[in-house]
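Two complexes come next, and they have one chain in common, chain A, joined by chain B in the first and chain C in the second.
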Partner chain A sequence: MPKTIKIQDHILVPKHVLLTKEEAQALFSKYNITPSQMPMISAKDPAIKELNAEVGDVIKVLRNSQTEKDAVFFRIVKAD
Partner chain B sequence: MAANDYKFKEVDKIIFGMISPQEVEKSSAVKVVTAELYDKEGYPVDGGLMDIRLGVIDPGLRCKTCGSKLKECIGHFGHIEVARPVVHVSYAGKVYEILKATCRECNRILVDEETASKYRTLHGRFKKERNFEYLRKLAKLAIGKAKLAKKCPHCNAKQITIKVEKPTTFMEGDKRISPIEVRARLAKIQEKDLELLGFDPVQARPEWMILTLLPIPPVTMRPSITLETGERSEDDLTHKLGDIVRINQRLFENINAGAPEIIVEDLWDLLQYHVTTYFDNTIAQVPPARHRSGQALKTLTERIKSKEGRFRHNLAGKRVNFAARTVISPDPKIEFNEVGIPQSVAMELTVPEKVTEWNKEWLLSLVKNGPKEYPGANYVIAPDGKKRKITKETQEQLLLEIKEGYIVERQLHDGDIALFNRQPSLHRMSIMCHKIKVLPGRSFRLNPSVCNPYNADFDGDEMNLHIPQTEEARAEAEILMQVQTQIMSPKNGYNVIGCVEDSVTGNYLLSKKLTISREDAVELLTSMGIFDAKFDKEMVKGSELFSRLFPEDFFFYGTAKQKDEAGVETFLTIKKGKIISGYIDDSSIGENNGELIREFYRKYGQDRTLVLLGNLFKLGIKVLAKYGFTTSIADTDIPEEAIEKIDELIANAYKDVDALVKEYEAGRLEELPGKTRRETLEVKSLEILNKIRNKVGNLAAQYADENTPTIIMARSGAKGNILNFTQMSACVGQQALGGQRIQRGYKNRTLSLFKQGDLGPIAHGFVRSSFKKGLTPVEFFFHAMTGRDALMDTALRTPKSGYLYRRLANALQDLKIEYDGTVRNARKGIVQFKYGDDGIDVSKSEGGKISVKKAIIDVVGQ
Partner chain C sequence: MEEQLFKDYEGKLTKKIIEEVKAEVKEQGLTKDQTKKVLEYLKEEYDTAKISPGEAIGILTAESFGEPGTQMTLNVFHFAGVAEVSVTQGLPRLIEILDARKEISTPSMEIYLKKGVSKDMAEVKRVAALIKETKLNEIATEFSIDLTKLQVEVQLNQHRLKDLKLKPDQVAEALNANMKGVKASVNGEKIIIKTKAEENELMETYKIKEKSKEVFIKGVKGITQVLPVKNNEEYVIITAGSNLKDVIEIEEVDETRTTTNSLFEVLKVFGVEAARQNIIREAQRVIEDQGLDVDIRHIMFIADAMTTSGTIKGITRSGITGEKKSVLARASFETPLKHLINASIIGEEDDLNSVIENVMLNQPVPLGTGLPELVTRGKKETAKEGKK
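The block that comes next holds the complex of A and B.
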């Protein structure tokens, strides 16, 4: 049986976190944007497979950065 | 028409659709029925292509439609009724798609009702949301699905595969569908199906893609030219339209006369050809329509398309007045923010100057000089806006007439503001503001230090000069675009302007080696405009002069390792404006990452930095001019001892390679992972031979005389490096093609003078000789091979990377950092939540990073 690996555990995959609806709403109001103005991520993206994210959810991506502790990025889940 | 007669309206919305035959007829002023253009008197024929109801292009005539004269009448469309419908080439692809997606019998879309209604609801939703992207995708999906149907789900009719015979003939099986038939099918498609096919039936009915009425553009967009001989030469479009009308008339006549179907069809195809080439004369399958001279006609599509088309040539690319262009050449004696212009240019370009109480006398003197004598003036504008050229005849009158409130367009003089530009304008430093300096000669002169931001050199480069004409434009140029405002590059926070070439060498020598007499010191400082220099010693150390350039509160700690005269490692240190240790070189005052310049800019700002740079530059070249500096071949002499050592090194390397070859031939060479034995040999021998050049280089550098100009230039960073020195003095080294030793040539050998299978260094491009000693013919040949390869590479890469950059710049052009720190595109969609994901303003950083060390020093003190 092939060993299954969690893609999230790989060091080169940045951490993906699911935001709650309230957090997402706060994000939208912080930047004064509508969901259509957000960067997108496919619902089928392997990195968010285990998050049970639905279309319209917001994912926080924490990337490594040479110049900052964590480079924070947000993406909205998009139907594919 | 005066300005206040204009009516301003706001654009509420734009609808894109297709033009219907009804609309063509409605907006038509003339029905064109004859291919004749002019009658015997040369007067436009009624119902011809130059009918004066289509607009006027002759002075004196009046338009019959609107009654206006030339230039006032913008022209009116006409139309032709084509005898048989023809396909519009540009829509042929769409027509094909629709034909395939609809039933040949009942003309319904070829998807079953269930799927169709599903699509219909989606369509309704997307339309309400104005989600055009998804609407487009939906239509694509529906068409894609319908295309595949073999049988109509509505009437069960069997579908026959439709093919196009490019560009405009449709075949069903092996029967041709005539445009009449095509049009009839398209006309019968229901509106509810059209929506699914991506049509908005109100704005675009599919049958409009088959032309029955052809609009004739107004004569104003196809004016005829009268040649000197009095002969008229018509526009390409008129020629083409003439062909269409002629064939159309013949087709009409033949149909009416009841000619055989073959003749009618031939004419019909000919008409189709003419209409096709009228729209687009560059279709691959269609031979382009030509002039009698054999030159292809430029029809509608070619007018709009590509670089010479309406968009890129006329709309995006504008030509302007008050501009000049000529070859550039260097002048190290002018300031960085000056530009030398020829007097002939200064006399042609003008600046409008309002006459006031205070400048009246001066301006009058300019008017008196007129356009032919240098400082003069070319035009006078009266307060009523009348512009008059100053000539011998008008001069006296103007001199009497000019009073306050008049505007004199005077010629340029020193100190005027100009914008200077070199293409390609890839970054903002490609257009900078300079002050005019009128000089003799015929070229633009610029200080060699500003070559870097423009990426200019003097091998024949040309540059453009623009003269701002209003006070606002001049102020903006001076405050935002002057050279000193552009010292720091926004791409990485390094300086794009610094000292170059001789000035670096001069400063290096002065700060490191020279001790000069008091008189000389005073003279050097005087050359920079410092007149109050005092020294109480007979002999002055060169480094002491710099204290007159730096302010007394200037502290600087260089980070580049240096070696002083005694060979001890130091850093350039400046305390209270005095050089304490180290010396000035390329890493402190050079272009890009000149630390000292950056530090000075941070503390004292752009204007003082420019003054400092100018002074350093002048000082540097003055030092070289005064004490002399010449490179010679003797610089590359190295002692006998060094030569022996180098010989030994190379001999050893040869031995190593030979040993490798022997091992290989004996089959004992162990393969590197993923490589064959032969490849392993190549990799290993290349490695040995490449290494040898470094070893030889180190040795040569070690024995080189540090006081020769060649080495001084290399050490100061002004020009050249130690590798160049090695190649000149000791050994040129291995020549490589595509990361390998030279392999190509004859069978199993590179040149016919080698034995087949020779794997030694010399047979594969190792150049043992130095440039000074001279290359052997074989070495020379191999060197020429790599030289040609490098030349080809750059020649091919430059346009490629240029186009890549152009595409990138166009794609990113409207990204902008908003006040909330996000990067957004034109529709305010977020691209980055923080610029660069870290929010650093790179133009204020050092290579994109923030130096914490410097920040601490700033806060805590030294």
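The block that comes next holds the complex of A and C.
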């Protein structure tokens, strides 16, 4: 029987959250940036497979960093 | 009441600092006024510690890595403990990480096992044997050629077979599956390998004999050595060779803690964010093993820069340095002529927006006080003062 592997449970994988279109828009205006200026994440990235993210969506990453608990980072989904 | 006080400082201080203060306040039994004083002082310190706009953090990071780099060992191999698994360390390993090499010189994994198995030495050994890549010559005692029948005869090592819980017919099956153009069959304790071709020459048989030694029989491909090591009450399997994808599929393996030092394998299996985390982990390990100290923020900054594109890009001319917009900046790194010639052919423009190209042209660099530009409103039109 093949084992079911949950990528989200791995110690190296931080929590990924999909932002709604409104939240993403609010983010762009808050930092006064355009989507093209954002760090990217591939649409085929294993960590966002279950979020059903489309190209152009924004993913919020809650990193468990050594300098800050739940450090927030954003990545935009790009076509592969 | 106190909770409200801490809430006021959210956003002004990091969550981690606030939590530490909370714990300390409880222990010391501080009053509300005293707590406020502490928080106010911390906020002041925190604000002064922040990097100011226009600070050249890239150069700071480069220096912070460069200086300890000179003190690192150039000795490539080190044998981890009593174990015979060797790992690349020091400067060569750091270069490997920062260049984001696809083929690293000593891939290695740390395989954690599920709670039920991890403390039982016998079970751990069994799983380790299951993971290790076994080739035919490891379970055979003798390879010989029968000249009259023109076939290869392989004498199997019965003890090894027992250890690996293998049966001769399973070995023959693996040979048939993984070797082309031959037919393997069991004859008592021997395995007979014959070519399928009509014409059969001695030379061909000899080739089969040599080839068959390296045929993959069982285990996980790429894992050449396994070594159970005790680590805080439980056993961890350290390996030479890495194959994250196949190893985490094994039933007894704890897939949530198993890691590899190969950056690209982590990227493929767990994604960019995990790959970033792995870059930090690996770089920090190298630096700590050498008894040096580089602030984690520098390492995090490099890891961020390497992973912004969604995959890992090394600090090489084919990686992030090659993506710089300015021709002069690219030319200053490696292979200058190539970049300059190509840029001239296609008529590239350089906006002189960054540091190195302005240094070359003897102009003020856009850093620190050189960053802001003066904008004045003229009498009739809004004029923007050009660069000096």
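Observations on the structure shown:
Rule of thumb we're sticking to: the second predicted complex is superposed on the first by the 80 of 80 C-alpha atoms of A that agree within 3 Å, B and C clash if a C-alpha of one lies under 4 Å from a C-alpha of the other, contacts with A are read in each partner's own complex, and residues count from 1 in each chain.
Operating definition for what follows: a contact is a pair of C-beta atoms (placed from the backbone, for glycine too) under 8 Å apart; a residue touches a chain by one contact, two chains touch by 3 or more.
Keep in mind the model is a prediction, meaning the values are calculated, not measured.
By the touch criterion stated above, A:10 is placed in contact with chain C alone, chain B being left untouched. Once chain A of one complex is fitted onto chain A of the other, the partner contacts of A:39 extend to both chain B and chain C.
Of the two partner chains placed around the shared chain by superposition, neither chain B nor chain C is touched by A:55.
In the superposed three-chain model, the partner touching more residues of chain A is C, compared with the other of chain B and chain C. By the touch criterion defined above, A:26 lies against neither chain B nor chain C after alignment on the C-alpha atoms of chain A.
Once chain A of one complex is fitted onto chain A of the other, the partner contacts of A:79 are absent, as it touches neither chain B nor chain C.
In the superposition on chain A, the residues of chain A touched by chain B in one structure and by chain C in the other are 39, 63, 65-68.
Residue ranges of chain C in contact with chain A, taken from their complex: 14-16, 19, 248-251, 255-257, 259, 266, 268-274, 277-278, 281, 296-297, 300, 304, 307-311.
Residues of chain B that touch chain A in their complex: 820, 822, 824, 827-834, 836-840, 848-850. By the touch criterion stated above, chain A contacts chain B in their complex at residues 31-33, 36-39, 63, 65-68, 71-74. Looking at the complex, you find that chain A touches chain C at residues 2-3, 5-7, 9-14, 16, 39-42, 45-48, 61, 63, 65-70, 75, 78.
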